[in-house]
Each structure stands twice: as structure tokens, then as C-alpha cells.
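Pasting the structures here.
Here subunit A shows up in two complexes: once beside subunit B, once beside subunit C.
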Partner chain A sequence: MTTTVARLHRIDPLGALVSAVGAASLLWLPFVVFKLNRILPGDAHSLMQVLPASAALACQVSLILIALVALGIADARVRLAAALVGVIVVAAAVASAANLLTPAGNRVVRVAPGSGFWVLLVALGLMATDAITRLRPRPRPAVRVLMLALFAAVAGAALAHGTFDNLSVMREYAVNAGRFAHEARQHVWLALGSLAAAIVVALPLGILCHRVPRLRGSVLGGLNVIQTIPAIALYGILMAPLGALAAAVPLAARLGIRGIGAAPAVLALFLYSLLPVVANTVAGLKRVSPAAVEAARGMGMTRWQILTGVELLLALPTILTGIRIVLVQNIGLVTVAALIGGGGLGVFVFQGIGQTAIDLVLLGAIPTVALAFSAAVLLDALIDTMNRTRQ
Partner chain B sequence: MSRAATVLRLAALALLVTFLLTPASFAPLFAPLTQYGAPPIYDQGNLLTLALAQIATVCCATAASAVVAVGLGILVTRASGAQFLPLSRTLVNIGQTFPPVAVLAIAVPLVGFGLKPTLIALFCYGLLPIFENTISGLHGCPPAVIEAASGMGMSPTQRLLGVELPLAMPLILEGIRLSLVINVGTAAIGSTVGAKGLGEVIIAGLLSNNTAFILQGGLVTGLMAILLYEAMAAVERRLFRPALIE
Partner chain C sequence: MISIDNLSKQYGSTTVVDRVSLDIERNSITVIVGTSGSGKSTLLRMINRLVEPSSGRVLIDGNDTAGEPAHLLRRRIGYAIQGNGLFPHRTVAENIATVPRLLGWDDTRLRARVLQLLTVFQLDPAEFAGKFPHQLSGGQQQRVGVARALAAEPAVLLMDEPFGALDPIIRAKAQDDLLDIQRRFATTIVLVTHDMDEAFRLGSRVAVMSRGRVLQYDRPAVLITRPADPFVSQMTGLADRAMRLLSLTTAGEAVIPGAAGGPVIAASASLRDALSELVWRGAESVAVVDADGAPLGRLTVAAILAHGRPG
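Let's turn to the complex of A and B:
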């Protein structure tokens, strides 16, 4: 009796949750949805209905093994490996389901991943995330970046090889391939360009706020008000003055400054980016110990040398944390710029919403999330590296 | 805060209310922004109804996310749920990389167009700041205070309700305030999937190239967000100032 209790106690609670959710999604939710064209509602198919018996069996056996790992094995590395194998199995299953359901040469039918696929993917992602947080010693920043690069390389290779070409999202990509590259570049350009402009302005502003405490309250308060204005509203509000500027100053119009398009989007993103960078610059400078500044002064450094060589250097991790917030936030907000003709991946999202074509929505949404996620991982790794070398 | 700021806030509120009640009286102001005799004031619906609908959507969704997020925050800070804490932290971090528009767009295939996807997106996106602030608030309780409460013979539930939650309340409310403000903006985007709100006005302006509409929708949404933020801040100050002075 006591041994059973002890053994039950050792069952991993998260593993139990993940296994239960995964099993339920396999049993009751559609794994893929088959549509006669991109707009029509489709027929749901389970994994067992679509794949040939042997492949379906192999799939299920490997998923059951992964569930057993989730339930009973404590080693975080094994759990992580199992979850990643699971992601590959599920991705392979959905790709071959699409290939099997699509008649040869037919470009009209759509095979979309069903809710069962997504839930299964979330469950496996949860297991992997949990395993990563349990890894001891914690993975070094370089290892995390390497893991991200490896994952991106595998996904990129599969996409380039055409593994997923019969899936509905990739069908939308095939139709929009040229525009996709352009909008993706525009998306990155809008996010990074406004960030760069904001850093150029916000760093001196932050230093000034640090030196002149009287300014701090009003500057941070004013920037805070800008943050509360919703993106769609700020884009709209900026259209009017920029349009007027273009009408009044021909040079501005020739430079591409207009009421609609990229100009109001860049300006709005720039304004949103100011607060986190300024606030973190002030906070970072405040944390620099007076002793360090005193020592630098004693060594005969000039004020400029102290600022750049000591104060800003010591405040850099905090400033970078602000930049990370801005970058992730900007990548998300650029999506809304599509509404005012600013381009970016939001174009596909809103076009898809307009046409009730969910696959097109995903073509815009998935890369946006991937971009924001990668940016967060990269900048976190950079900040961690800095903090580690300090210690 | 200074008296000037208070006057500014009241003026903004008065302006918003006047505009929503009698939009037609502002027509001369917006007329120069229109071209070819387009209507200067949004005429495809009542601005007040749209604004109220948007506020109602935002408040429903945020209330739901507050209940769930505070509940989850309490769960992972108890001894029994502590093993989920690192995971939930990571999930919150990952969740924040999802742009609100993506959450909205992903909800549509699951529940269809209309109010539902907007409510779901607002609910999900509102969870994160409240959850994070609940955890920091509960973790920020000084251990000495908790020990004193236990020493007085309080049960864990009494300690939670009588000591920990009141101490964490300012941070929790700040999280709710952040959620509200983010949600007002996301709710405006909700109009693209058929939810009733001021986004309708902005989108109508974008479609018919009518700057007056865009400005009306944008300004009213922005004003609502700012005033909501300030109102919550004022309530918090009223609630917690006496405690801080003691």
C-alpha cells in the first residue's frame, strides 16, 4: 500500500497534465481538416483515419512512449529530447497527412492542421519548456542561441525541402511568395529602424534625466501617456499631421513622408520605444555605485571618459533589458501598421481576416511570433552573457 | 500630483463626454479634414454606443482575466504549487512575445468572427501582466510579517486573505490597470473581426480615406485609455494612501 502511494507520488504532475491533454486531443479533436477550397468549411479527420495503419500505429506508439517519459522520468535532458522528438513526429505526421489527402497536381483543395494538431503541439511545447526550466546547470547563453539556431535550421531545411508544401499555410505562401519576402523585410525594417532612431534619442534623454532629477518626472510621465495610447489610435492620429506636412513641404513628400504608409508607423513605433529605453537608462545609471565613479575620477578620467567608460558600461545590461522590451513590442505592433498601409507581415493577417481565409492569417501570424520569440531569446542571451562576465 | 494635472484630466474627461454626447457640435472642427463633401462626423453608428460597447468588452474580459490570473498566481506561490512556478514564469515570458493582433487572429479560426474572438484575445492577453504582478506582489511580502501572522495562530487561508493579499494588492491592481490599457487598444483592433467598438470608426475612415473619421476613432480610443488608466490610478491612491502614511 505504502509503495503504491510512494510510486503514485512520483508521477510528474505536469507530465500527467500534458499526457492527458495530448491523449484527449488525439482521441477527440480533428488532426487535420480537409477543405475543397480555401474558403469552404472542411471535414475533420483524425490521425488514425488519414495515415496508413502502420504509420498511424508508429505515430501513436512513439507518442505513448513520450507520454511515459513525461510521466515517470525526472532527467530534464531526457524529457527535453523526448518532447523535441514528439514535435518532429507530429510535424511529420501532419505533413504526410497533407500529402496523402491532396490529389496529385490539385492546387485548389486545402489541408489545414486541425485543432488536435495545435493542442498536441502546445502540449509538447509545454513539456519542452518545462524541461528547459528544469535543466541544471542552467544552459549557458551560447547554448541557448545554438539551440534556437539548430531549431531554425531544421525548420528552414524542412520548409526549403518542401516537406510541408501541401499544407494550407504553405499553399498560401506559394501564392504570395514574392510579396512575403518583401513584407517580411519591411516588417524587420520597421521594427529595427524605429528602435535605432529611438535609441539615438532615448540614450541622451535618459542621461539628461539622470543628471537633472527635476526633468525626470515630467519626461517619464509624458512618455507614459504616449504608451497608453493604443497603436491603432496613434497611427491614425499621426496620419493627419504627417499628411499636412507632406502637402505643405514638397521635399518631405519626395522623401516618402506621407499621411499613410510607413512614415506614421515608424513615428508611432519610435514614440512607443522611447519610454522603456529612457526609463531603463535612468534606472541603470542610478544603480552605478558612486564608489566606481569616484575611483574613475581619482584615476584622472575626464567626465566624458567616466560617462562612456564607466557609467554607461555598468548600466548596459539594464539598458539592454529596455531595448529587449522595445524590440519584442515593436515586432508585435508593426502588425497593426498594415492597417494604415505601412506594410509588414500584418498585411497577410488583415487580408486573411478580410477574406475569412485563416491560412492567410497564419501566414502572417506565425512568422511574426517566430520573429518576436527569436529576438527575445537572442537579446536575453546577450544580457545574460554580460551579467555573467561581470560576476 | 499637481493641481494642474488634475485640471487637465478633468478637462479631458469633459471633452470626451461632450464629444460622445453631442458629436454634431464638433462638425466644424473636423470639416476641414474631409474631402469632396464627405461627412465630418462618423454617421454609420452612434459614437456613444460604440464607445460603451468597447468599454463593456474590455471590462468583461479584464475582470475574467483578473480572477483567473490572481487565482493562478496564488496557486503557484503556495507550497503545493511551487514546482509550477519556474514553468509559469517562462510561459508568461513566452506569452508576451505573442503580439495582441496574432492572438486575435488565431482566435478567429477557433470561434468564428464577432465578439467572441475579441473577448478571448483580450482575456488571454490580459492574463500576463496581472499574473506577473500577483506573483511579484505575493513574493514581495516580507517573510517576517508572514511569520508573525503564523505566530499569531492564523491559518494559511487567514494569512493569505488577511495579510498576503492586502500587502500584494497595490501591485495586483497595477497589473489590472496595465491589462485594461492594453486591452482598450486591442479591442479597437477587434473591430477588424467584427466586434463592436471604435475601431469601426477608424477602419471606416481608412477605407473611405476620411481623415476626420480616423482622428475621431483614434482620439476617443486614446482618451478612453488614458482616462481609464488615470481613474484606476486615482482609485489606487485613494485606497492605499492611508496605509502608506501609517
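Let's turn to the complex of A and C:
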């Protein structure tokens, strides 16, 4: 009795959840869906049905081993490795399923990953992120960036090699390759451009709010109100004044400022970006040790030297945390800009919704998630590097 | 050296420093002591114009400090504060190099100065130069703070409660070090504290402040024997004033001729320590020796006690 209780205690709760969800998805959810064309509803296939017996068995055995690691092994490095192997196994399985189900030379049928695949992927992703947060000591920033680069290189090599070419998403990509590159560039440009503009305005505004406490309440309050407006509503609000501006000032129109398109998108993202950067600039400056500033003044540094050489440098990790929030948030919000003709990867999302072509939605959504994730990892690494040398 | 001439500071209708005049001797430690709110820090901060005086003047070597831009004035005056105010994002060496860099020293001179100061402050350059402040103990941080204040060879060093954050044992060591440093660099030091023991230990002259006014400014022994004001005797302490007085004179200064057996005491020890030694040993006299152990003479109980009363 007591031994059973002790054993049960040793079973990892998250591991149990992940294993149960993974097993259920393998048993009862379709791993891939076969469609005669991109719009017709398709037939569900389980992993066992599509893959040859030996491959299916190998796949299942590896997943069971990974589940055992998730249930019983505490070492975070082993858990992380197991989860990453699991991702590779599942990706390889879905790629070969697509290759096996597609008749040679047929460009019309679509093999899409089924709900079972996605649930399995989420379970493995959960296991991996949980393992990363459990790693002690925490991996150094450089190691984290290296891991991201390695993951991107493997994924990039597989894509370049054509491993996934028979999967429905890559079929959509093949049709839209030219537009994809353009919209991806537009996406990054909108996210980074609005961020850059926000930094240029928010940094001085944050410094001003720190210096003049009376301003702080009204400025932060005002920016908070903007933050509560839904993105679509804000695009709508900006349409009329920008349209009027373009009509009244020909120069503005010639510069590309119109009621729809990139201008209202950049402006809205810019407005959303202000609050996190201003608030974190104020918070970062507030955290600077008053003794350090007092000593700097006492040693004869000018106000400008104190601001740039002491205060802003000490506040930088906090300010960068605000910038990280904004960048990740913008990469997501740019998607909605497609609705008002702003371009970006959201174009594929809304086109896909319009055509009920879920594969096209994924072509827009997956790279957006990957971009946001990479931005978060890179900026977190940068912030950590700074926090390590100065505390 | 430093002439404070009828200096006042008002914030609105509140007078923080009220018509203070002081002449601070060159190459000595002057201590300004007072309770919190007495205006002692404000007075100190008016010397390097961290606070601009409402009226009055500060002259350094005869030159009015109001005559040059404040930040240039401050680069010529060392400044050390409680909690040291080190820059957490800069290494020990970079911290020390702050003012010389502002003054545009060349790299060779700067590096040599940083090395010298680290050595003087007993911080092995190989070990400490590249460390960040948070990697140091409180006492080490405090030493770096003083080293940084002295980096550009200032003639004047202002210190605002520099040892306030240290525990008693490290504080005593830091006070001894400061006396050595003052002799070594012949710096004129003005130090603010609320601790009378610290004031007596360090100051060759002590100014007692209360409510913005300097009540008395004199040698420590005079503050004890001839307090100008009830507040001064309250600050110096009535109960143990005799012992305080004894602590101000060294055995070497009070030594009388003759030989003594039994206990031995160094010439640098205070009469308070000598008396304590006699009480402890139950002896009537103690031999006084110099730093090399050579006999200088002796001290008797009567000779010691004669120094413990106004005379």
C-alpha cells in the first residue's frame, strides 16, 4: 500500500497528462486527412493505417518510450531530448504519410495533418517547454540562441530538401511561393517599422514621464485606453482621418498614406507599442539606484552623461523587456492588418478563411508563430546576457 | 584652504543652513557632526554645489566656487557617499576610472593610477580590477567608493556618512584606513557623520551642527572640556566625557620618564586603552614602547588620570 502510494508520488503529473493526451490522440483522432482536392472534406487516417506495419510500430515504440521518460525521469535534459526526438518522429511520420498517400504526379489531392497530429505536437511541445523551464542551471543565453538556430537549421534543411512537399501546407506554398516571400517581408517590415517608430517616440516620452511625475498618470492612462481598443476597431477608427488626410494633402497620398493599406496598420501598431515601452522605461529608470545617480552628479558628470552613461544603461534590461513584449505582440497583430489591405502573412490567413481552405490559413499562421517565438527567444537571451553582468 | 563664508540655504520658508562660516584647514580631516535634519549634509553638498547656496560664498584657495560651471568644479573635488553609489554595470577598474576619464586622462596614466589605488586600498588588482560591484563585500565596495573619489588626485575630498552602511568591526578598520589615506595623499577631507565617536576618532577639528547652525567648531578636546552650548555637551556625552578625553591622547604624547616592569603598551595606543590595561592587570604603571619595541618611558595611573579632566 505504502509502496504504491510512493510510486504514484514519483509519477510526474505533467508527464501523465502529456502521455494520456498523446495516447488518446493516437488512438482516437485522425493523424492525417486525405482530401481529393483542397476544399472537399476528407477521409481520416490513423498512424497505423497509413504507415507500413514496421514503420508504424517503430513510431509507436518511440512514442511509448518518450511517454515513459515523461512519466518517470526527472532529469530535465533527458526530458528535453526525448521531447525533441518526439517532434522529429512525428514530423517524419506525417511527411512519409503524405508521401505514401499521394499518387505519383498528382498535384490535386491534399494530405493534411489531422487533429491527432496537432494534439500530439502540442503535447510534445508542452513537454519540451516544461523541460526547458526545469533546466538547472538555466541554459546560458548563447546556448539558447544556438538551440534555436539548430532547430531552425534542421527545419530549414528539411523544407529545402522537400521532405514535406507532399503535405497540404507545402502544396499551398508551392502555388504561392512568390507572394509568400513578399508578404513575409511585408510582415516583418510592418512589425519592426512600427516598433522602431514607437521606440523613437516612447523612449523620450518615458524619460519625460520619469522626470515629471505629474505627467506620468495622464500619459500612461491615455496609452492604456489605446491598449484596450481592439485591433480591428482601431484600424476602423484610423481609416477616416487618414483617408481625409490623404484627400486633403496630395503629398500625404503620394507618400502612401491612405485610409487603408500599410499606413493605418503601422499607425495602429505604433500606438499599441507605446504603452509597454513607455511604462518599462519609467519602471527601469525608477529602479536605478539613487546612490549611483547621486555619485555620478557628485563626480561631475553632466546631466546628459548621467542619462546616457548611467541611467539608461541601468534601465536597459527593463526597457528591452518592454520592447520584447511589443515585438511579439506586433508580430501577432500584423496578421489582422491584412484585413485593411496592409499585407503581411495575415493575407493567407484571411484568404484561407474566405475559401474555407484551412491549409492556406496554416501557411499564414505557422510562420507567424515561428517568427514570434524566435523573436521572444532572441530578446530574452539578450536581456539575460545583460542581467548576468549587472545586478 | 576652504572658506565657508556666511552660507545659507532656504527651501521656501524653511531655513536648512543658517549663516554658517567655517575655515577648513588644509591637509586635515574636518568632521561636521549633527543629528538628522541638522543641515550637515546640505552644508557639505553646497561645497561642491550639488546644492546651490541661497546666499553666502564658498572659497577654495581663495577662489569663489560659484565662478565656474558646477560639473567642472565637482571633477576637482572628490565625493564619497553612504552606500558608495558604485555603478553596478561597470567593473571596479571602470568605476575608479570615472573622473579621470571625464578629465580626459590618457590610458597609460589612468591605468597606472587605478593600479596604485587598488594596491593602496588592499584590493589585489589581478583579482578585483575586473569584478563587478555586486561581487564585492560591503567593506570592499566602500573602499572602491573612496578609491573612486580619490582617482583624479583631488585636493579636497567630501564624504557624506561614508561608513554609515558598514558593520562596527569593518567600520573601525575603514576609519583607520581613512586616517592612513589622508596622511598618504595629504588630502583635505571634510566628512559628515551623526556618530560622535566617529567624529572624535577622525576629526582634527569638529563642527557640531543643530537646526542649520554651527554651535561650536574646535578641536575634539575643547568640545569636551569647554562645550559652548548645552546641545554640544549633550552630543559629546556627559557620563563618559572623561573617558572620551582620554581616548584623544596617545600614550606617546603623555609618556613620563622612568622604567616600569609588568604590562607594556604601544606609544600609538590611547590613554583610555592604557588605563584599561592597568585596571585589567591590577598594576600601578605601564611601560610605553615605540613601534620597534624600544622603551620610551612609562605611564602611571595618576599621570593618566591627569589627562582625563579639563586643565
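Convention: the second predicted complex is superposed on the first by the 384 of 391 C-alpha atoms of A that agree within 3 Å, B and C clash if a C-alpha of one lies under 4 Å from a C-alpha of the other, contacts with A are read in each partner's own complex, and residues count from 1 in each chain.
Everything below uses one rule, namely that a residue touches a chain if its C-beta (ideal position, glycine included) is under 8 Å from a C-beta of that chain, and two chains touch if they have at least 3 such contacts.
None of the values given here were measured: they were computed from a predicted structure.
In the superposed pair of complexes, A:L313 makes contact with subunit C only, with no contact to subunit B. In the superposition on chain A, A:P230 contacts subunit B only, with no contact to subunit C.
Residue contacts after overlaying the shared chain place A:A295 against subunit C, while subunit B stays out of touching range.
By the touch criterion defined above, A:L14 lies against subunit B but remains apart from subunit C after alignment on the C-alpha atoms of chain A.
Judged by the touch definition given at the top, the superposed model places A:A365 against subunit B, while subunit C stays out of reach. More residues of subunit A lie in touch with B than with the remaining chain of the pair subunit B and subunit C. In the superposition on chain A, A:L379 makes contact with neither subunit B nor subunit C. Comparing the two interfaces of subunit A, the one with subunit B and the one with subunit C have no residue in common.
Across the interface of their complex, subunit A is touched by residues 48, 50, 71-76, 79, 81-89, 98-99, 102, 132, 134, 145, 148-149, 158 of subunit C.
Considering their complex, residues 13-14, 115, 126, 129-130, 132-134, 225, 227-237, 239-240, 243, 259, 328, 331-333, 335-336, 339-340, 346, 349-350, 352-354, 356, 358, 361-362, 364-365, 368-369, 372-373, 375-376 of subunit A touch subunit B. Listed in rising order, the residues of subunit B touching subunit A in the complex are 33, 83-84, 86-87, 89-91, 93-94, 96-102, 105-106, 108-110, 113, 181, 184-186, 188-189, 192-193, 199, 202-203, 205-206, 211, 214-215, 217-219, 221-222, 225-226, 229. Listing the residues of subunit A that touch subunit C in their complex gives 289, 291-302, 305, 310, 313-314, 389-391.
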